[in-house]
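One structure is given below, encoded as C-alpha coordinates.
Read from first to last, the chains carry the letters A, B and C; within each, the first residue is number 1.
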Amino acid sequence: MDNLKAIIEALIFVSDVPVTSSRIEGVLEDVKEKEISFAINDLIREYEERSGGIFLKEVAGGYQFRTGEAVGSWVQKLKGQKQASLSPAAMETLAVVAYRQPVMRSEVEKVRGVDISGTLRGLLEKNLIRIVGRKDVPGRPMIYGTTGKFLETFGLKTLSDLPTLREFKELGE
Amino acid sequence: MDNLKAIIEALIFVSDVPVTSSRIEGVLEDVKEKEISFAINDLIREYEERSGGIFLKEVAGGYQFRTGEAVGSWVQKLKGQKQASLSPAAMETLAVVAYRQPVMRSEVEKVRGVDISGTLRGLLEKNLIRIVGRKDVPGRPMIYGTTGKFLETFGLKTLSDLPTLREFKELGE
Amino acid sequence: MTAGAYEIKLDIFEGPLDLLLYLIRKNEVDIYDIPIALITRQYMKYIEAMKSLNLDLAGEYLVLAATLTHIKSRMLLPVSEEDEKEGDVDPREELVKQLLEYKTFKEAALGLDRMNILGRDVFGRDHAGEELEKEEQTLREIGIFELVEAFRRISLDIGQKDLMEIDAEKMSLSDRINDIVDELERRGELTFTDLLEDTGNRKRLIYTFLAILELVKLRIIKAYQAIPYGTIRICLARK
(Lines give C-alpha, C1' and ligand atoms only; values in the text may rest on other atoms or scores of the structure.)
Protein backbone atom coordinates (compact mmCIF):
# COMPACT_ATOMS: atom_id res chain seq x y z
CA MET A 1 0.00 0.00 0.00
CA ASP A 2 1.30 3.46 -0.72
CA ASN A 3 2.42 5.56 2.17
CA LEU A 4 -0.33 8.18 2.00
CA LYS A 5 -3.10 5.60 2.21
CA ALA A 6 -1.33 3.84 5.09
CA ILE A 7 -1.06 7.09 7.05
CA ILE A 8 -4.70 8.02 6.47
CA GLU A 9 -5.81 4.52 7.47
CA ALA A 10 -3.89 4.80 10.74
CA LEU A 11 -5.22 8.28 11.50
CA ILE A 12 -8.82 7.18 11.09
CA PHE A 13 -8.15 4.01 13.06
CA VAL A 14 -6.78 5.73 16.19
CA SER A 15 -9.53 8.31 16.51
CA ASP A 16 -12.56 7.78 18.72
CA VAL A 17 -14.72 10.14 16.67
CA PRO A 18 -15.20 10.32 12.90
CA VAL A 19 -12.14 12.03 11.42
CA THR A 20 -12.90 14.87 9.03
CA SER A 21 -10.81 15.33 5.91
CA SER A 22 -9.79 18.75 7.17
CA ARG A 23 -8.25 17.16 10.26
CA ILE A 24 -6.33 14.78 8.01
CA GLU A 25 -5.25 17.75 5.90
CA GLY A 26 -4.08 19.47 9.08
CA VAL A 27 -1.77 16.55 9.86
CA LEU A 28 -0.56 16.03 6.28
CA GLU A 29 0.24 19.67 5.63
CA ASP A 30 1.93 19.33 2.24
CA VAL A 31 -0.54 16.95 0.65
CA LYS A 32 -3.22 18.26 -1.64
CA GLU A 33 -6.83 17.99 -0.59
CA LYS A 34 -7.65 16.11 -3.78
CA GLU A 35 -4.98 13.45 -3.18
CA ILE A 36 -6.33 12.87 0.33
CA SER A 37 -9.87 12.46 -0.89
CA PHE A 38 -8.71 10.04 -3.61
CA ALA A 39 -6.82 7.97 -1.05
CA ILE A 40 -9.83 7.84 1.29
CA ASN A 41 -12.14 6.73 -1.48
CA ASP A 42 -9.61 4.06 -2.48
CA LEU A 43 -9.54 2.76 1.08
CA ILE A 44 -13.34 2.72 1.34
CA ARG A 45 -13.55 0.72 -1.89
CA GLU A 46 -10.83 -1.73 -0.83
CA TYR A 47 -12.57 -2.57 2.44
CA GLU A 48 -15.83 -2.92 0.56
CA GLU A 49 -14.33 -5.35 -1.96
CA ARG A 50 -12.52 -7.31 0.69
CA SER A 51 -15.83 -7.79 2.53
CA GLY A 52 -14.28 -8.64 5.89
CA GLY A 53 -15.31 -7.85 9.44
CA ILE A 54 -14.59 -4.12 9.33
CA PHE A 55 -15.45 -1.36 6.87
CA LEU A 56 -14.46 2.25 6.40
CA LYS A 57 -17.57 4.46 6.39
CA GLU A 58 -18.31 8.11 5.83
CA VAL A 59 -20.40 9.34 8.78
CA ALA A 60 -21.20 12.68 10.43
CA GLY A 61 -18.98 14.60 8.05
CA GLY A 62 -15.95 12.37 8.69
CA TYR A 63 -14.61 8.86 8.33
CA GLN A 64 -14.72 5.99 10.78
CA PHE A 65 -13.99 2.26 10.88
CA ARG A 66 -16.97 0.13 11.87
CA THR A 67 -17.81 -3.53 12.00
CA GLY A 68 -20.00 -4.92 9.22
CA GLU A 69 -23.68 -5.61 9.75
CA ALA A 70 -23.22 -9.33 9.12
CA VAL A 71 -21.03 -9.83 12.18
CA GLY A 72 -23.02 -7.58 14.52
CA SER A 73 -24.59 -10.37 16.53
CA TRP A 74 -21.17 -11.90 17.29
CA VAL A 75 -19.79 -8.61 18.50
CA GLN A 76 -22.90 -8.22 20.63
CA LYS A 77 -22.16 -11.62 22.13
CA LEU A 78 -18.56 -10.65 22.92
CA LYS A 79 -19.69 -7.41 24.53
CA GLY A 80 -22.10 -9.30 26.77
CA GLN A 81 -24.88 -7.08 28.02
CA LYS A 82 -27.27 -5.98 25.35
CA GLN A 83 -26.89 -2.34 24.52
CA ALA A 84 -29.84 -0.30 25.69
CA SER A 85 -31.67 0.77 22.59
CA LEU A 86 -33.92 3.81 22.49
CA SER A 87 -37.51 3.28 23.61
CA PRO A 88 -40.23 3.76 20.96
CA ALA A 89 -41.27 6.96 22.78
CA ALA A 90 -37.69 8.34 22.66
CA MET A 91 -37.40 7.33 19.02
CA GLU A 92 -40.62 9.23 18.20
CA THR A 93 -39.38 12.37 19.93
CA LEU A 94 -36.04 12.01 18.16
CA ALA A 95 -37.77 11.59 14.79
CA VAL A 96 -39.80 14.78 15.25
CA VAL A 97 -36.72 16.75 16.37
CA ALA A 98 -34.66 15.35 13.48
CA TYR A 99 -37.19 16.20 10.78
CA ARG A 100 -38.59 19.42 12.20
CA GLN A 101 -35.44 21.02 13.56
CA PRO A 102 -34.92 23.65 14.81
CA VAL A 103 -38.01 22.84 16.83
CA MET A 104 -39.64 23.90 20.08
CA ARG A 105 -40.67 21.41 22.72
CA SER A 106 -44.31 22.46 22.36
CA GLU A 107 -44.25 21.65 18.65
CA VAL A 108 -42.97 18.14 19.33
CA GLU A 109 -45.61 17.68 22.02
CA LYS A 110 -48.32 18.77 19.61
CA VAL A 111 -47.26 16.15 17.08
CA ARG A 112 -46.87 13.33 19.59
CA GLY A 113 -49.85 14.28 21.71
CA VAL A 114 -47.98 13.67 24.96
CA ASP A 115 -45.66 15.40 27.42
CA ILE A 116 -42.09 14.81 26.25
CA SER A 117 -39.95 16.05 29.16
CA GLY A 118 -38.66 12.56 29.98
CA THR A 119 -37.65 11.60 26.47
CA LEU A 120 -36.24 15.06 25.76
CA ARG A 121 -33.99 14.86 28.77
CA GLY A 122 -32.88 11.33 27.91
CA LEU A 123 -31.96 12.38 24.38
CA LEU A 124 -30.05 15.42 25.70
CA GLU A 125 -28.15 13.19 28.10
CA LYS A 126 -27.28 10.78 25.31
CA ASN A 127 -26.09 13.80 23.33
CA LEU A 128 -28.32 12.89 20.38
CA ILE A 129 -30.04 16.26 20.51
CA ARG A 130 -29.00 19.65 21.84
CA ILE A 131 -30.37 23.07 22.64
CA VAL A 132 -29.60 25.19 19.60
CA GLY A 133 -30.94 28.49 20.87
CA ARG A 134 -34.13 30.31 21.67
CA LYS A 135 -36.99 31.27 19.47
CA ASP A 136 -37.67 34.95 19.07
CA VAL A 137 -41.25 34.85 20.29
CA PRO A 138 -42.71 35.83 23.69
CA GLY A 139 -41.28 33.66 26.45
CA ARG A 140 -38.26 32.93 24.23
CA PRO A 141 -38.71 29.13 24.34
CA MET A 142 -35.67 26.93 23.77
CA ILE A 143 -35.28 25.26 20.42
CA TYR A 144 -33.76 21.86 19.80
CA GLY A 145 -31.82 20.17 17.01
CA THR A 146 -29.79 17.02 16.45
CA THR A 147 -26.06 16.64 17.10
CA GLY A 148 -23.06 15.18 15.28
CA LYS A 149 -23.39 12.21 17.60
CA PHE A 150 -26.87 11.66 16.14
CA LEU A 151 -25.40 11.41 12.64
CA GLU A 152 -22.66 9.13 13.93
CA THR A 153 -25.10 6.86 15.77
CA PHE A 154 -27.37 6.44 12.78
CA GLY A 155 -24.53 6.20 10.26
CA LEU A 156 -25.56 9.31 8.32
CA LYS A 157 -23.17 11.51 6.37
CA THR A 158 -25.32 14.61 6.79
CA LEU A 159 -28.90 15.40 7.76
CA SER A 160 -29.86 15.34 4.10
CA ASP A 161 -29.10 11.61 4.14
CA LEU A 162 -32.22 11.07 6.25
CA PRO A 163 -34.99 9.40 4.25
CA THR A 164 -37.56 12.02 3.29
CA LEU A 165 -40.75 12.31 5.33
CA ARG A 166 -42.68 11.81 2.11
CA GLU A 167 -41.43 8.24 1.98
CA PHE A 168 -42.95 7.59 5.40
CA LYS A 169 -46.16 9.36 4.50
CA GLU A 170 -46.63 6.97 1.59
CA LEU A 171 -45.82 4.03 3.82
CA GLY A 172 -48.51 5.12 6.20
CA GLU A 173 -51.25 5.40 3.61
CA MET B 1 -13.26 -13.19 3.06
CA ASP B 2 -14.78 -16.19 4.74
CA ASN B 3 -17.25 -15.61 7.52
CA LEU B 4 -15.10 -16.97 10.36
CA LYS B 5 -12.24 -14.61 9.57
CA ALA B 6 -14.62 -11.68 9.27
CA ILE B 7 -16.12 -12.38 12.70
CA ILE B 8 -12.73 -12.76 14.35
CA GLU B 9 -11.49 -9.57 12.72
CA ALA B 10 -14.51 -7.67 14.08
CA LEU B 11 -14.13 -9.16 17.57
CA ILE B 12 -10.50 -8.10 17.81
CA PHE B 13 -11.23 -4.69 16.26
CA VAL B 14 -13.90 -3.58 18.74
CA SER B 15 -11.88 -4.31 21.85
CA ASP B 16 -9.61 -1.77 23.53
CA VAL B 17 -7.49 -4.51 25.10
CA PRO B 18 -5.82 -7.54 23.45
CA VAL B 19 -8.38 -10.29 22.85
CA THR B 20 -7.29 -13.77 23.88
CA SER B 21 -8.07 -16.79 21.72
CA SER B 22 -10.05 -18.29 24.58
CA ARG B 23 -12.37 -15.27 24.54
CA ILE B 24 -12.88 -15.74 20.84
CA GLU B 25 -13.57 -19.43 21.43
CA GLY B 26 -16.11 -18.45 24.06
CA VAL B 27 -18.04 -16.43 21.48
CA LEU B 28 -17.72 -18.94 18.66
CA GLU B 29 -18.82 -21.95 20.68
CA ASP B 30 -19.04 -24.53 17.94
CA VAL B 31 -15.82 -23.67 16.17
CA LYS B 32 -12.72 -25.73 16.83
CA GLU B 33 -9.76 -24.10 18.52
CA LYS B 34 -7.53 -25.06 15.63
CA GLU B 35 -9.77 -23.42 13.05
CA ILE B 36 -9.75 -20.21 15.06
CA SER B 37 -5.98 -20.17 15.36
CA PHE B 38 -5.63 -20.80 11.62
CA ALA B 39 -7.98 -17.93 10.86
CA ILE B 40 -6.11 -15.57 13.16
CA ASN B 41 -2.76 -16.47 11.59
CA ASP B 42 -4.27 -15.93 8.15
CA LEU B 43 -5.44 -12.48 9.18
CA ILE B 44 -2.06 -11.58 10.67
CA ARG B 45 -0.34 -12.62 7.42
CA GLU B 46 -2.82 -10.73 5.25
CA TYR B 47 -2.31 -7.47 7.13
CA GLU B 48 1.45 -8.04 6.98
CA GLU B 49 1.39 -8.55 3.21
CA ARG B 50 -0.93 -5.64 2.64
CA SER B 51 1.49 -3.42 4.52
CA GLY B 52 -1.02 -0.65 5.25
CA GLY B 53 -1.50 1.63 8.23
CA ILE B 54 -2.76 -1.00 10.65
CA PHE B 55 -1.52 -4.48 11.58
CA LEU B 56 -2.85 -7.38 13.59
CA LYS B 57 -0.36 -8.21 16.34
CA GLU B 58 -0.05 -10.82 19.02
CA VAL B 59 0.52 -8.95 22.28
CA ALA B 60 0.18 -9.73 25.98
CA GLY B 61 -1.24 -13.18 25.32
CA GLY B 62 -3.90 -11.88 22.99
CA TYR B 63 -4.48 -10.18 19.64
CA GLN B 64 -4.84 -6.52 18.90
CA PHE B 65 -4.92 -4.14 15.94
CA ARG B 66 -2.18 -1.54 16.07
CA THR B 67 -0.92 1.15 13.78
CA GLY B 68 2.34 0.38 11.96
CA GLU B 69 5.64 1.85 13.11
CA ALA B 70 6.13 3.67 9.82
CA VAL B 71 3.11 5.88 10.44
CA GLY B 72 3.77 6.45 14.15
CA SER B 73 4.90 10.05 13.86
CA TRP B 74 1.76 11.01 11.95
CA VAL B 75 -0.43 9.42 14.57
CA GLN B 76 1.46 11.35 17.24
CA LYS B 77 0.83 14.55 15.32
CA LEU B 78 -2.90 13.87 15.18
CA LYS B 79 -3.04 13.05 18.88
CA GLY B 80 -1.23 16.29 19.67
CA GLN B 81 -4.17 18.08 18.10
CA LYS B 82 -6.62 16.02 20.05
CA GLN B 83 -9.84 17.80 20.75
CA ALA B 84 -10.59 17.56 24.39
CA SER B 85 -13.60 18.20 26.49
CA LEU B 86 -13.66 19.91 29.88
CA SER B 87 -13.32 17.93 33.08
CA PRO B 88 -16.41 17.81 35.32
CA ALA B 89 -14.63 20.09 37.81
CA ALA B 90 -13.81 22.65 35.12
CA MET B 91 -17.36 22.42 33.83
CA GLU B 92 -18.73 23.20 37.29
CA THR B 93 -16.48 26.21 37.76
CA LEU B 94 -17.41 27.42 34.30
CA ALA B 95 -21.11 26.95 35.06
CA VAL B 96 -20.89 29.07 38.22
CA VAL B 97 -18.96 31.81 36.44
CA ALA B 98 -21.41 31.75 33.52
CA TYR B 99 -24.55 31.98 35.65
CA ARG B 100 -23.20 34.24 38.37
CA GLN B 101 -21.03 36.66 36.48
CA PRO B 102 -19.50 39.09 37.18
CA VAL B 103 -18.23 36.93 40.03
CA MET B 104 -15.29 36.74 42.44
CA ARG B 105 -13.21 33.64 42.87
CA SER B 106 -14.22 33.39 46.52
CA GLU B 107 -17.90 33.31 45.53
CA VAL B 108 -17.28 30.45 43.12
CA GLU B 109 -15.34 28.59 45.79
CA LYS B 110 -18.15 29.08 48.25
CA VAL B 111 -20.59 27.52 45.82
CA ARG B 112 -18.34 24.66 44.74
CA GLY B 113 -16.89 24.06 48.20
CA VAL B 114 -13.34 23.52 46.89
CA ASP B 115 -10.27 25.49 45.89
CA ILE B 116 -10.66 26.41 42.23
CA SER B 117 -7.25 27.86 41.31
CA GLY B 118 -6.51 24.96 38.96
CA THR B 119 -9.75 24.98 37.04
CA LEU B 120 -9.82 28.79 36.96
CA ARG B 121 -6.35 28.92 35.38
CA GLY B 122 -7.33 26.24 32.87
CA LEU B 123 -10.46 28.13 31.83
CA LEU B 124 -8.48 31.38 31.51
CA GLU B 125 -5.92 29.60 29.32
CA LYS B 126 -8.65 28.18 27.12
CA ASN B 127 -10.04 31.70 26.85
CA LEU B 128 -13.46 30.62 28.08
CA ILE B 129 -13.43 33.09 30.96
CA ARG B 130 -11.59 36.35 31.56
CA ILE B 131 -10.85 38.85 34.26
CA VAL B 132 -13.27 41.69 33.84
CA GLY B 133 -11.92 43.81 36.67
CA ARG B 134 -11.26 44.10 40.39
CA LYS B 135 -13.74 44.57 43.15
CA ASP B 136 -13.39 47.60 45.36
CA VAL B 137 -13.06 45.78 48.66
CA PRO B 138 -9.92 45.09 50.73
CA GLY B 139 -7.49 42.92 48.75
CA ARG B 140 -9.16 44.11 45.53
CA PRO B 141 -10.08 40.60 44.39
CA MET B 142 -10.42 39.90 40.68
CA ILE B 143 -13.80 39.52 39.07
CA TYR B 144 -14.44 36.97 36.37
CA GLY B 145 -16.84 36.69 33.46
CA THR B 146 -17.22 34.65 30.30
CA THR B 147 -15.77 35.46 26.87
CA GLY B 148 -16.98 35.48 23.30
CA LYS B 149 -15.14 32.18 22.88
CA PHE B 150 -17.41 30.79 25.60
CA LEU B 151 -20.52 31.69 23.61
CA GLU B 152 -18.94 30.22 20.48
CA THR B 153 -18.00 26.96 22.22
CA PHE B 154 -21.51 26.45 23.50
CA GLY B 155 -23.17 27.64 20.33
CA LEU B 156 -24.93 30.54 22.03
CA LYS B 157 -25.77 33.87 20.50
CA THR B 158 -25.95 35.74 23.80
CA LEU B 159 -25.77 34.89 27.49
CA SER B 160 -29.52 35.30 27.77
CA ASP B 161 -29.81 32.23 25.54
CA LEU B 162 -28.51 30.14 28.46
CA PRO B 163 -31.34 27.99 29.78
CA THR B 164 -32.58 29.03 33.20
CA LEU B 165 -32.68 26.41 35.91
CA ARG B 166 -36.45 26.66 35.85
CA GLU B 167 -36.54 25.62 32.22
CA PHE B 168 -34.06 22.90 32.95
CA LYS B 169 -36.22 21.57 35.72
CA GLU B 170 -39.19 21.41 33.40
CA LEU B 171 -37.35 18.71 31.51
CA GLY B 172 -37.86 16.52 34.53
CA GLU B 173 -35.25 14.81 36.63
CA MET C 1 -65.00 -6.83 26.77
CA THR C 2 -63.69 -6.96 30.29
CA ALA C 3 -61.01 -4.71 31.70
CA GLY C 4 -58.58 -7.60 31.42
CA ALA C 5 -58.92 -7.71 27.66
CA TYR C 6 -57.50 -4.21 27.41
CA GLU C 7 -54.93 -4.61 30.11
CA ILE C 8 -52.25 -6.25 28.02
CA LYS C 9 -52.38 -3.47 25.48
CA LEU C 10 -52.05 -0.52 27.81
CA ASP C 11 -48.31 -0.04 27.95
CA ILE C 12 -47.72 -0.50 24.25
CA PHE C 13 -49.26 2.84 23.38
CA GLU C 14 -47.05 5.88 23.11
CA GLY C 15 -49.96 8.20 23.83
CA PRO C 16 -53.61 8.88 23.01
CA LEU C 17 -52.96 9.38 19.28
CA ASP C 18 -51.24 6.02 19.16
CA LEU C 19 -54.22 4.36 20.84
CA LEU C 20 -56.55 6.03 18.37
CA LEU C 21 -54.47 4.82 15.42
CA TYR C 22 -54.57 1.33 16.86
CA LEU C 23 -58.38 1.41 17.10
CA ILE C 24 -58.66 2.64 13.52
CA ARG C 25 -56.38 -0.17 12.31
CA LYS C 26 -58.13 -2.79 14.44
CA ASN C 27 -61.56 -1.87 13.09
CA GLU C 28 -60.18 -1.61 9.55
CA VAL C 29 -61.85 1.74 9.00
CA ASP C 30 -60.82 4.60 6.74
CA ILE C 31 -58.75 7.21 8.54
CA TYR C 32 -60.37 9.89 6.33
CA ASP C 33 -63.85 8.73 7.32
CA ILE C 34 -63.63 7.66 10.95
CA PRO C 35 -66.89 6.22 12.37
CA ILE C 36 -66.60 8.54 15.32
CA ALA C 37 -69.32 6.96 17.51
CA LEU C 38 -67.75 3.51 17.31
CA ILE C 39 -64.19 4.68 17.84
CA THR C 40 -65.16 6.99 20.71
CA ARG C 41 -66.99 4.14 22.45
CA GLN C 42 -63.95 1.85 22.18
CA TYR C 43 -61.58 4.61 23.20
CA MET C 44 -63.65 5.27 26.33
CA LYS C 45 -63.53 1.60 27.22
CA TYR C 46 -59.75 1.72 27.21
CA ILE C 47 -59.79 4.80 29.39
CA GLU C 48 -62.16 3.10 31.83
CA ALA C 49 -59.96 0.01 31.84
CA MET C 50 -56.95 2.14 32.70
CA LYS C 51 -58.86 3.89 35.44
CA SER C 52 -60.19 0.66 36.94
CA LEU C 53 -56.65 -0.67 37.07
CA ASN C 54 -55.66 2.46 38.96
CA LEU C 55 -53.11 3.25 36.32
CA ASP C 56 -51.65 6.69 36.35
CA LEU C 57 -53.70 7.99 33.49
CA ALA C 58 -51.89 10.78 31.70
CA GLY C 59 -53.99 13.91 31.24
CA GLU C 60 -53.49 13.78 27.48
CA TYR C 61 -55.73 10.70 27.26
CA LEU C 62 -58.55 12.62 28.89
CA VAL C 63 -58.04 15.62 26.63
CA LEU C 64 -58.46 13.43 23.57
CA ALA C 65 -61.49 11.75 25.15
CA ALA C 66 -63.09 15.18 25.48
CA THR C 67 -62.20 16.04 21.89
CA LEU C 68 -63.75 12.79 20.62
CA THR C 69 -66.95 13.37 22.58
CA HIS C 70 -67.16 16.89 21.27
CA ILE C 71 -66.74 15.75 17.66
CA LYS C 72 -69.33 13.05 18.19
CA SER C 73 -71.91 15.55 19.45
CA ARG C 74 -71.21 17.94 16.60
CA MET C 75 -71.74 15.17 14.09
CA LEU C 76 -75.12 14.37 15.58
CA LEU C 77 -76.32 17.92 15.16
CA PRO C 78 -78.20 18.76 11.99
CA VAL C 79 -76.15 20.97 9.72
CA SER C 80 -77.38 24.51 10.33
CA GLU C 81 -77.49 27.29 7.81
CA GLU C 82 -74.59 28.98 9.51
CA ASP C 83 -72.44 25.91 9.07
CA GLU C 84 -73.39 25.75 5.43
CA LYS C 85 -72.17 29.30 5.01
CA GLU C 86 -68.88 28.45 6.68
CA GLY C 87 -68.21 25.86 4.04
CA ASP C 88 -69.54 22.80 5.88
CA VAL C 89 -66.36 21.80 7.68
CA ASP C 90 -66.20 18.19 8.77
CA PRO C 91 -65.80 18.23 12.56
CA ARG C 92 -63.29 15.41 12.20
CA GLU C 93 -60.97 17.34 9.91
CA GLU C 94 -58.60 18.74 12.52
CA LEU C 95 -58.26 15.38 14.28
CA VAL C 96 -57.60 13.54 11.02
CA LYS C 97 -54.88 16.02 10.16
CA GLN C 98 -53.26 15.51 13.55
CA LEU C 99 -53.52 11.73 13.26
CA LEU C 100 -51.97 11.68 9.80
CA GLU C 101 -49.09 13.81 10.96
CA TYR C 102 -48.49 11.64 14.00
CA LYS C 103 -48.65 8.55 11.82
CA THR C 104 -45.98 9.92 9.51
CA PHE C 105 -43.63 10.56 12.42
CA LYS C 106 -44.37 7.18 13.94
CA GLU C 107 -43.28 5.61 10.65
CA ALA C 108 -40.22 7.89 10.62
CA ALA C 109 -39.35 6.68 14.13
CA LEU C 110 -39.61 3.08 12.95
CA GLY C 111 -37.46 4.06 9.99
CA LEU C 112 -34.77 5.36 12.34
CA ASP C 113 -34.99 2.19 14.36
CA ARG C 114 -34.39 0.08 11.25
CA MET C 115 -31.12 1.85 10.52
CA ASN C 116 -27.80 0.34 11.47
CA ILE C 117 -27.40 1.89 14.88
CA LEU C 118 -23.90 2.29 16.27
CA GLY C 119 -23.56 0.22 19.42
CA ARG C 120 -26.46 -2.04 18.47
CA ASP C 121 -25.95 -3.26 14.91
CA VAL C 122 -22.52 -1.98 14.05
CA PHE C 123 -19.63 -1.20 16.36
CA GLY C 124 -16.70 1.13 16.50
CA ARG C 125 -13.48 0.65 18.38
CA ASP C 126 -13.68 0.91 22.13
CA HIS C 127 -11.24 3.59 23.22
CA ALA C 128 -12.00 3.49 26.92
CA GLY C 129 -8.88 1.63 28.01
CA GLU C 130 -6.49 3.78 26.04
CA GLU C 131 -4.52 6.47 27.75
CA LEU C 132 -5.86 9.93 27.34
CA GLU C 133 -3.65 12.58 25.90
CA LYS C 134 -2.89 15.29 28.39
CA GLU C 135 -2.53 18.11 25.93
CA GLU C 136 -5.77 19.94 25.45
CA GLN C 137 -5.38 22.45 22.72
CA THR C 138 -8.68 22.87 21.05
CA LEU C 139 -12.11 22.48 22.50
CA ARG C 140 -14.71 20.39 20.86
CA GLU C 141 -18.24 21.69 20.64
CA ILE C 142 -19.83 21.25 24.06
CA GLY C 143 -23.56 21.08 24.55
CA ILE C 144 -25.15 23.67 26.82
CA PHE C 145 -26.89 20.76 28.46
CA GLU C 146 -23.57 19.68 30.01
CA LEU C 147 -23.05 23.15 31.40
CA VAL C 148 -26.52 23.46 32.92
CA GLU C 149 -26.28 19.93 34.23
CA ALA C 150 -23.03 20.89 36.00
CA PHE C 151 -24.67 23.96 37.48
CA ARG C 152 -27.71 22.02 38.59
CA ARG C 153 -25.45 19.41 40.20
CA ILE C 154 -23.74 21.92 42.42
CA SER C 155 -26.89 23.84 43.15
CA LEU C 156 -28.35 20.63 44.50
CA ASP C 157 -25.28 20.05 46.65
CA ILE C 158 -25.43 23.49 48.13
CA GLY C 159 -29.18 23.74 48.26
CA GLN C 160 -28.96 27.49 48.16
CA LYS C 161 -32.22 28.93 47.12
CA ASP C 162 -30.83 32.01 45.49
CA LEU C 163 -28.78 29.80 43.22
CA MET C 164 -31.81 28.11 41.84
CA GLU C 165 -33.39 30.88 39.89
CA ILE C 166 -31.40 32.79 37.42
CA ASP C 167 -33.63 34.87 35.29
CA ALA C 168 -33.18 36.05 31.79
CA GLU C 169 -32.85 39.64 33.05
CA LYS C 170 -29.68 38.91 34.95
CA MET C 171 -28.24 37.22 31.90
CA SER C 172 -29.21 40.16 29.69
CA LEU C 173 -27.38 42.45 32.11
CA SER C 174 -24.34 40.16 31.95
CA ASP C 175 -24.52 40.33 28.16
CA ARG C 176 -24.46 44.12 28.25
CA ILE C 177 -21.59 44.13 30.77
CA ASN C 178 -19.58 41.86 28.50
CA ASP C 179 -20.38 43.97 25.45
CA ILE C 180 -19.18 47.13 27.18
CA VAL C 181 -15.96 45.51 28.42
CA ASP C 182 -15.34 44.18 24.89
CA GLU C 183 -15.90 47.58 23.38
CA LEU C 184 -13.57 49.23 25.91
CA GLU C 185 -10.87 46.64 25.28
CA ARG C 186 -11.09 47.40 21.60
CA ARG C 187 -11.30 51.18 21.74
CA GLY C 188 -9.67 52.04 25.06
CA GLU C 189 -12.07 54.83 25.93
CA LEU C 190 -15.69 55.63 25.34
CA THR C 191 -17.97 58.45 26.28
CA PHE C 192 -21.12 57.95 28.25
CA THR C 193 -23.10 59.11 25.25
CA ASP C 194 -21.33 56.60 22.95
CA LEU C 195 -22.63 53.81 25.12
CA LEU C 196 -26.15 55.10 25.44
CA GLU C 197 -26.52 56.22 21.85
CA ASP C 198 -26.27 52.91 20.09
CA THR C 199 -29.05 51.44 22.16
CA GLY C 200 -31.95 50.75 19.87
CA ASN C 201 -34.71 50.29 22.37
CA ARG C 202 -35.75 51.32 25.84
CA LYS C 203 -35.07 47.97 27.46
CA ARG C 204 -31.55 47.92 26.10
CA LEU C 205 -31.04 51.47 27.29
CA ILE C 206 -31.98 50.45 30.82
CA TYR C 207 -29.66 47.43 30.68
CA THR C 208 -26.85 49.64 29.42
CA PHE C 209 -27.34 52.07 32.27
CA LEU C 210 -27.56 49.29 34.87
CA ALA C 211 -24.46 47.66 33.35
CA ILE C 212 -22.47 50.92 33.64
CA LEU C 213 -23.56 51.33 37.27
CA GLU C 214 -22.60 47.73 38.05
CA LEU C 215 -19.24 48.12 36.31
CA VAL C 216 -18.46 51.32 38.21
CA LYS C 217 -19.54 49.75 41.49
CA LEU C 218 -17.28 46.76 40.86
CA ARG C 219 -14.49 49.11 39.81
CA ILE C 220 -14.19 47.41 36.48
CA ILE C 221 -14.52 50.73 34.73
CA LYS C 222 -13.69 54.29 35.71
CA ALA C 223 -15.82 57.19 34.73
CA TYR C 224 -14.41 60.69 34.79
CA GLN C 225 -15.18 64.23 33.71
CA ALA C 226 -12.68 66.94 32.81
CA ILE C 227 -15.04 69.76 33.72
CA PRO C 228 -18.37 69.80 35.57
CA TYR C 229 -21.24 68.96 33.20
CA GLY C 230 -18.64 68.02 30.57
CA THR C 231 -18.38 64.80 28.64
CA ILE C 232 -18.29 61.70 30.85
CA ARG C 233 -15.46 59.45 29.71
CA ILE C 234 -15.25 55.80 30.55
CA CYS C 235 -12.26 53.47 30.48
CA LEU C 236 -11.23 50.14 31.99
CA ALA C 237 -9.91 50.49 35.53
CA ARG C 238 -7.29 47.76 35.47
CA LYS C 239 -4.99 49.23 32.81
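The rule we apply is simple: a contact is a pair of C-beta atoms (placed from the backbone, for glycine too) under 8 Å apart; a residue touches a chain by one contact, two chains touch by 3 or more.
Remember, predicted model here, so these are calculated numbers, not experimental data.
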Set of chains adjacent to chain B and to chain C: A
Most heavily contacting chain pair (counted by C-beta pairs in contact): B-C
Farthest-lying chain, centroid of Cα atoms versus that of chain B: C
By mean Cα position, the chain sitting nearest the middle: A
Chain B-chain C separation of Cα centroids, rounded to whole Å: 29
Computed distance of Cα centres, chain B from chain A, in Å: 18
Where chain A and chain C are represented by their mean Cα positions, the distance between them in whole Å: 23
Two or more partner chains touched - positions in chain A: 13, 65, 67-68, 75, 79, 124, 130-131, 140
Touching two or more other chains - residues of chain C: 123-125, 127, 141, 143-144, 168
Contact footprint of chain C on chain A as seen in their complex: 13, 16, 64-69, 72, 75-76, 79, 83, 85-86, 88-89, 91-92, 94-96, 98-99, 110-115, 124-125, 127, 130-131, 140, 147-148, 152-155, 163, 165, 167-169, 171-172
Interface residues, chain B side, partner chain C - complex: 10, 13-17, 79-86, 88, 91-92, 94-96, 98-102, 111-113, 126, 128, 131-136, 140, 143, 145-148, 153-156, 158-160, 162-166, 168
Residues of chain B that touch chain A when the two form their complex: 1, 3, 5-11, 13-15, 23, 27-28, 50-54, 65, 67-68, 70-71, 74-75, 77-79, 81, 83, 155-157, 160-161, 163, 167, 170-173
Of all residues in chain C, those that touch chain B in their complex: 123-130, 133, 135-144, 146-148, 150-155, 157-158, 160, 163-168, 171-172, 174-175, 177-178, 181-182, 214-215, 217-221, 236-238
Residues on chain C engaged by chain A in the complex (per definition of touch): 14-18, 58, 60, 64, 98, 100-113, 115-125, 127, 141, 143-145, 168
